[in-house]
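Written out below as structure tokens is the structure these notes cover.
Chain IDs A, B, C, D, E and F follow the sequence of writing; residue 1 opens each chain.
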Amino acid sequence: MNIKELIKLSLEEDLKTGDITTEYLKLGPKEALAFIVAKEVGILAGLDVVQQVFNFKDPNVHIVSYKKDGDKVAPGDEIIKVSGTAENILKSERVALNFLQRLSGIATLTNRMADLISPYGVKLLDTRKTTPLFRELEKYAVKVGGGYNHRFGLYDMVMLKDNHIEAVGSITEAVKRVKQHNLNYKIEVEVKDLQELMEALKCSVDRVLLDNMSIDELYKAVDTINQDREKSGFKVEAEISGGVNLENIEAYAQTGVDFISTGAITHSAKSLDISLLFREI
Amino acid sequence: MNIKELIKLSLEEDLKTGDITTEYLKLGPKEALAFIVAKEVGILAGLDVVQQVFNFKDPNVHIVSYKKDGDKVAPGDEIIKVSGTAENILKSERVALNFLQRLSGIATLTNRMADLISPYGVKLLDTRKTTPLFRELEKYAVKVGGGYNHRFGLYDMVMLKDNHIEAVGSITEAVKRVKQHNLNYKIEVEVKDLQELMEALKCSVDRVLLDNMSIDELYKAVDTINQDREKSGFKVEAEISGGVNLENIEAYAQTGVDFISTGAITHSAKSLDISLLFREI
Amino acid sequence: MNIKELIKLSLEEDLKTGDITTEYLKLGPKEALAFIVAKEVGILAGLDVVQQVFNFKDPNVHIVSYKKDGDKVAPGDEIIKVSGTAENILKSERVALNFLQRLSGIATLTNRMADLISPYGVKLLDTRKTTPLFRELEKYAVKVGGGYNHRFGLYDMVMLKDNHIEAVGSITEAVKRVKQHNLNYKIEVEVKDLQELMEALKCSVDRVLLDNMSIDELYKAVDTINQDREKSGFKVEAEISGGVNLENIEAYAQTGVDFISTGAITHSAKSLDISLLFREI
Amino acid sequence: MNIKELIKLSLEEDLKTGDITTEYLKLGPKEALAFIVAKEVGILAGLDVVQQVFNFKDPNVHIVSYKKDGDKVAPGDEIIKVSGTAENILKSERVALNFLQRLSGIATLTNRMADLISPYGVKLLDTRKTTPLFRELEKYAVKVGGGYNHRFGLYDMVMLKDNHIEAVGSITEAVKRVKQHNLNYKIEVEVKDLQELMEALKCSVDRVLLDNMSIDELYKAVDTINQDREKSGFKVEAEISGGVNLENIEAYAQTGVDFISTGAITHSAKSLDISLLFREI
Amino acid sequence: MNIKELIKLSLEEDLKTGDITTEYLKLGPKEALAFIVAKEVGILAGLDVVQQVFNFKDPNVHIVSYKKDGDKVAPGDEIIKVSGTAENILKSERVALNFLQRLSGIATLTNRMADLISPYGVKLLDTRKTTPLFRELEKYAVKVGGGYNHRFGLYDMVMLKDNHIEAVGSITEAVKRVKQHNLNYKIEVEVKDLQELMEALKCSVDRVLLDNMSIDELYKAVDTINQDREKSGFKVEAEISGGVNLENIEAYAQTGVDFISTGAITHSAKSLDISLLFREI
Amino acid sequence: MNIKELIKLSLEEDLKTGDITTEYLKLGPKEALAFIVAKEVGILAGLDVVQQVFNFKDPNVHIVSYKKDGDKVAPGDEIIKVSGTAENILKSERVALNFLQRLSGIATLTNRMADLISPYGVKLLDTRKTTPLFRELEKYAVKVGGGYNHRFGLYDMVMLKDNHIEAVGSITEAVKRVKQHNLNYKIEVEVKDLQELMEALKCSVDRVLLDNMSIDELYKAVDTINQDREKSGFKVEAEISGGVNLENIEAYAQTGVDFISTGAITHSAKSLDISLLFREI
């Protein structure tokens, strides 16, 4: 489903048989001027979606953005000026804000975590733990916040997790099977200890996911990977996942891995507080 | 969009051109046994959606629920047993968990807030600040958590907010216009001070929304409403909204209102930590 | 289904694999001038649909309306001038007339009945006995003819009919159940005699439907309602339904009720005779 | 649009966001027994649609038909027995009856007219003056009532009407053009007087439509056609159209034509009075 | 499915989750100039589809056609000039060429066969042996190449083949049954020898299909048909089918039939070699 | 579009408003037994599609396959036995054969070419030159015939062709840009001479496409690639494309490349001659 359809269905969800309040008021073509205003500190994402929501049924609603995606806002900052008939602004307001608040919430949390690890040259990755149907938008918000996108779904990278490995017996067997059929995609393997890491390295995979390891183990894992790099000349990428939060992410970053991935930036970000105020009506 | 379509599109989003990892592994009809397990304390919601996700493409995936929506879980509690081909479990796992974690997160937060105010006979209401396309599911999770549902959209209740009132000049005029055309729906009016409250009471509306008032003002507002009730014999309902959180909600409840509504339970609930583990494969 | 889709499907129904007659004639871009003309006395409804039908595939068909919805016409009156390619006029003609004749037929019959009762301050209501998929249009034609709209479907008003009451045991029980869950909608109860009427009044419902009562009973029912109004200060609305026709409707109106509803205005109105004539081609 | 989709959309139209009355009553799995009963004399059509409507969402609603399409009913006759949950019967009742009443109304009126002309060996034809989206069903009801179907749309027969002829100059030119491109379809030509009739006969068309002629002219037209038949050996069919009603149709039939077509049987038939009664609940 | 939808789905098939090559190159708004050039001799068909493909997502891609459908091209001939962003040209190129090459291949082969038989006044007909979903386009290419269209599907002509005849017992019985119900369509009957031919002629059908007969038999069949024509005054059309190819088609044409039909022109035509070359980028 | 939808639309294309021949014959539930029989030598592909076509509207049509995809057939070989009502077999016959003949034609041509090069260890690859909407099916037929699948669309491999390279200036620049954004996909580069080949090898790509080179150049190219392999330890794959046909493909295979790709196997394969014969009816 593309964004236009998502917006269409979202407006239908809120309106169904009609905005009865506005209809009973018989506002007619009365024009209004409204402002979308930040009510807390954060990073904006989704301004284009806001415009698309307001213009979905009424191209005459006029949108002026004072900010762009990625900008930092503080309480009281004006983000967007909306002008058009009061009726059409009122019908789209809630849906527009629901998108903007959620995406800005994700960008804000991502930004906070990414800032903590970028000094160490480590990249923050998202996961597939996104809201169903919002993956594209939420992964966009992650990029806006300074994060990077891991695979978009089950279709664009080979990722061998513990269950896959168990299903065929060993990392070696799993990688062998994949290489037999796969001509196009890179391969990542999840490992839970140093022994599995060494097996994965022997199989010449493209990336290893160091899952739920302690800081100590991670230092050893990075050592092992570096030694392998010297030997083979090929750079296997290292990714950490599991148990990462704002408190401990910097310590993880110091271990020397390439990536830290976390589902929290998409599934547990709070909405950014933003509201629409009418100035003239 | 109904839930079946939502599930269909969510699976498509994750799978698109196929689960390449599983396909390259050529697992064939290999059966697996997996358990969905809680990893933190919370209230479950969405177990039926989990079943629908797993059975969407494969009715032979067998689901046994050890819990039901509304049950409290602790880390390690087994929630659902899933058996079927490893391939089909792996293809649906992430989508199923994305639904379950989000809805359970909402039920959990709702439950925490509702528990604080129910001793005072006050009901916790949700808002329209829901994830687009998830309103029905999220409002369901609110009920599971012990909350109540406010209107589902712009279509099932007349709600006159500040912008509507400003658009026609006064509460009196707004209510008059609505009553002229509306034969079926109840009417709620947002008021920001005692003067507006008294105007709304004169208009014989069904509910007042006391918006962003201080605790002191709220006590006075409740007094005013009670006096009106004695006079007219008609019970106007009172709802509070704005600035409510886990710390202050009990104090709001003590003022004697009927409802407290908050967007946080849907837009800022953290996902409940839940995962799927393979036991045999 | 919205009107645009209804028109799309209606044209498809008539055209399917093409208008073979016109296509074989190879008329090319030949222009024509045509008039839609009344052939009997009646009230027009649906002129906008006519325009939409003609413009659905060809925005260059030019429509000039000499009349507007609600206007009375006599045989020979020109209603609409249509100009455009002969081919496109011929392809849309029948579908456009099918809409216009049906809706005008409804407006005409409604108008005749409404005129008989409006002197008594009684409003003519429609029912849900409409042509499937045409409810919105047919209810619109009722308003054009001077009638009023009852609920649009099962979704916008609570209406307790005999079967509902029987299902739960009594009017009192039925109303009690509804009030327990319903926060938004008004409640109407069907009653078939004075005893049921009194029970309904005790339950504080919003409207009573006096079903299939004799004129005598209706006078008594209105008395009962008036006495209740004096006592409670709350105005319960009274609606008559069943067995109403052009001959007896005035007598029903004289009983002092608020509304008379009848399915005949939608399900048994004759199409108004209207045709399209080419003047130049 | 096929009938299944028509039913789906019709139920959606009536239900939209839900049958609030029934839902608030919380009837649960309570079973009911209901009867669809005739309230006036007429011919039934559409019994299969009734079954499809009731079973659309609930295959467990059980339908027993005591009658079949084409049967004559009198007031009080039981037509169908419906058993299932009260909730599901109540949700489908109105839509099912709306179909059945309309189609039976058409079959009834058709039957009355067809009976008047069949003794003369004349067939009653319908037209394209049907309710948009109901053409297939309404033409089916015509057959049930003893009529015959004219073309289903613009796509399955070549029909040269006055406007087509005017557009190319003459009947001769119109038929010539059609024969140049048309390899598959039969050709009917509308004629308004004897001169046009003779021109049409010379062009070797398959059927002539004698439009709005007086009885006298029709006798002469039939004579002309008979003479042509003797000469060419080819039987041109004769169809009458325009101004036909229950009073005069027999006189038209006596002229010796093959077909009489009339739009009234579809566009101006009254619904047959039929209702659903609960017996046990 | 109309052509616009066919194009939409075809582009989706090639692009699915995106043109990763072009996207990774970040070409931005860079403009390019490209030419579609013939690489072998043939007849063009489908130039309009090419335009529609390029403009489907980007109306700013500018197309200038140097040729029109039906034109003959030689290697090196420039057919179309395409200008627009390099990115959008690259995304549509393959789909556009896939249509153009296939349709031009059909037009080319049709043209070669039609040229061989037109001197004898015989028309080349296509069949229903077309690529599923491409029937309209492929039949269009046949006309471009100088052929004629047989029926478009099972819906626009009555065609009694051997299996139909076997199913009801005889040609006579089959034609009798059809004539009983069919008021609109012409009738063609397949015959495999002179005896069947004579039976078909007695039934007054519109066309006979002489299936898989030898040249000798065909001469006799044509004789028989001519004699029948003299007797009845009605011209039955004669069509040959089966085993026709470039080598023998002229001999078939000399027998004096009206039509030769062959599936090869649609199902076994080679794509015409055409490619798109960038000149400036 | 999945195969089920493709079949649905294909049947609609052929049937549209109905199979009038069969309908007019009123065959009723008459059963028939039919055989699908080969009429020339070839390799079968698409037997499962045949089954799906026949069972699409009528699950009671019974299919027994005597052959499986990949089997070689000779004239007269029975492929499939079809039993069911004559009516339903006749309605699906043409569509089923259109799929089977096309796919078997592709498998047959692929098989002929693949057999010529497999002794040299070279794999035959298809291209994106497939019939729009048939890519999945046609690529499946290629595999059945012994070929291998190149990328399925623009979405599953990075392929830098001459136009891409021209657009950014050089192979080096193009590969650099891709590597900057692409984390998941393999990279192939088209080269037209040895100089470009060497540049591509320096960039460490995964595969080179040697486009339209002479046999002499190809031998040199393979040498160059082999030298690079010895130096870097990494095996770059080599693919030939352009100007390949049944006559010269063996010579190309002898050069020592890994893959030969050709569009002819999909866009210019002749349909395999196959027909359906009724045995009993």
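What we mean here is this: a residue touches a chain if its C-beta (ideal position, glycine included) is under 8 Å from a C-beta of that chain, and two chains touch if they have at least 3 such contacts.
All values derive from a computational prediction rather than experimental measurement.
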| item | value |
| --- | --- |
| Degree value of the rotation bringing chain B onto chain F, based on Cα positions, nearest 5 | 120 |
| Same vs different contact residues, chain B with chain C, by half of numbers used | same |
| Inter-chain centre distance, chain A versus chain E - centres from mean C-alpha coordinates, in Å | 50 |
| Rounded Å distance between chain A and chain B, as computed from the means of their C-alpha atoms | 23 |
| Centroid distance [mean C-alpha coordinates] between chain E and chain D, Å | 38 |
| Where chain B touches two or more other chains, by residue | 16-17, 152, 155-157, 185 |
| Contacting residues of chain A [partner chain E, same complex] | 152, 155-156 |
| Of all residues in chain D, those that touch chain E in their complex | 151, 156-157, 183-186, 233 |
| For the chain F and chain D complex, residues of the former touching the latter | 17 |
| Chain F residues touching chain E - in the complex, by the definition given at the top | 1, 6, 9-10, 12-27, 30, 32, 34, 86, 90-91, 94-95, 97-99, 101-102, 105, 128-135, 152-160, 162-164, 166-168, 174, 177-178, 180-182, 185, 263, 267-268, 270-271, 278, 281 |
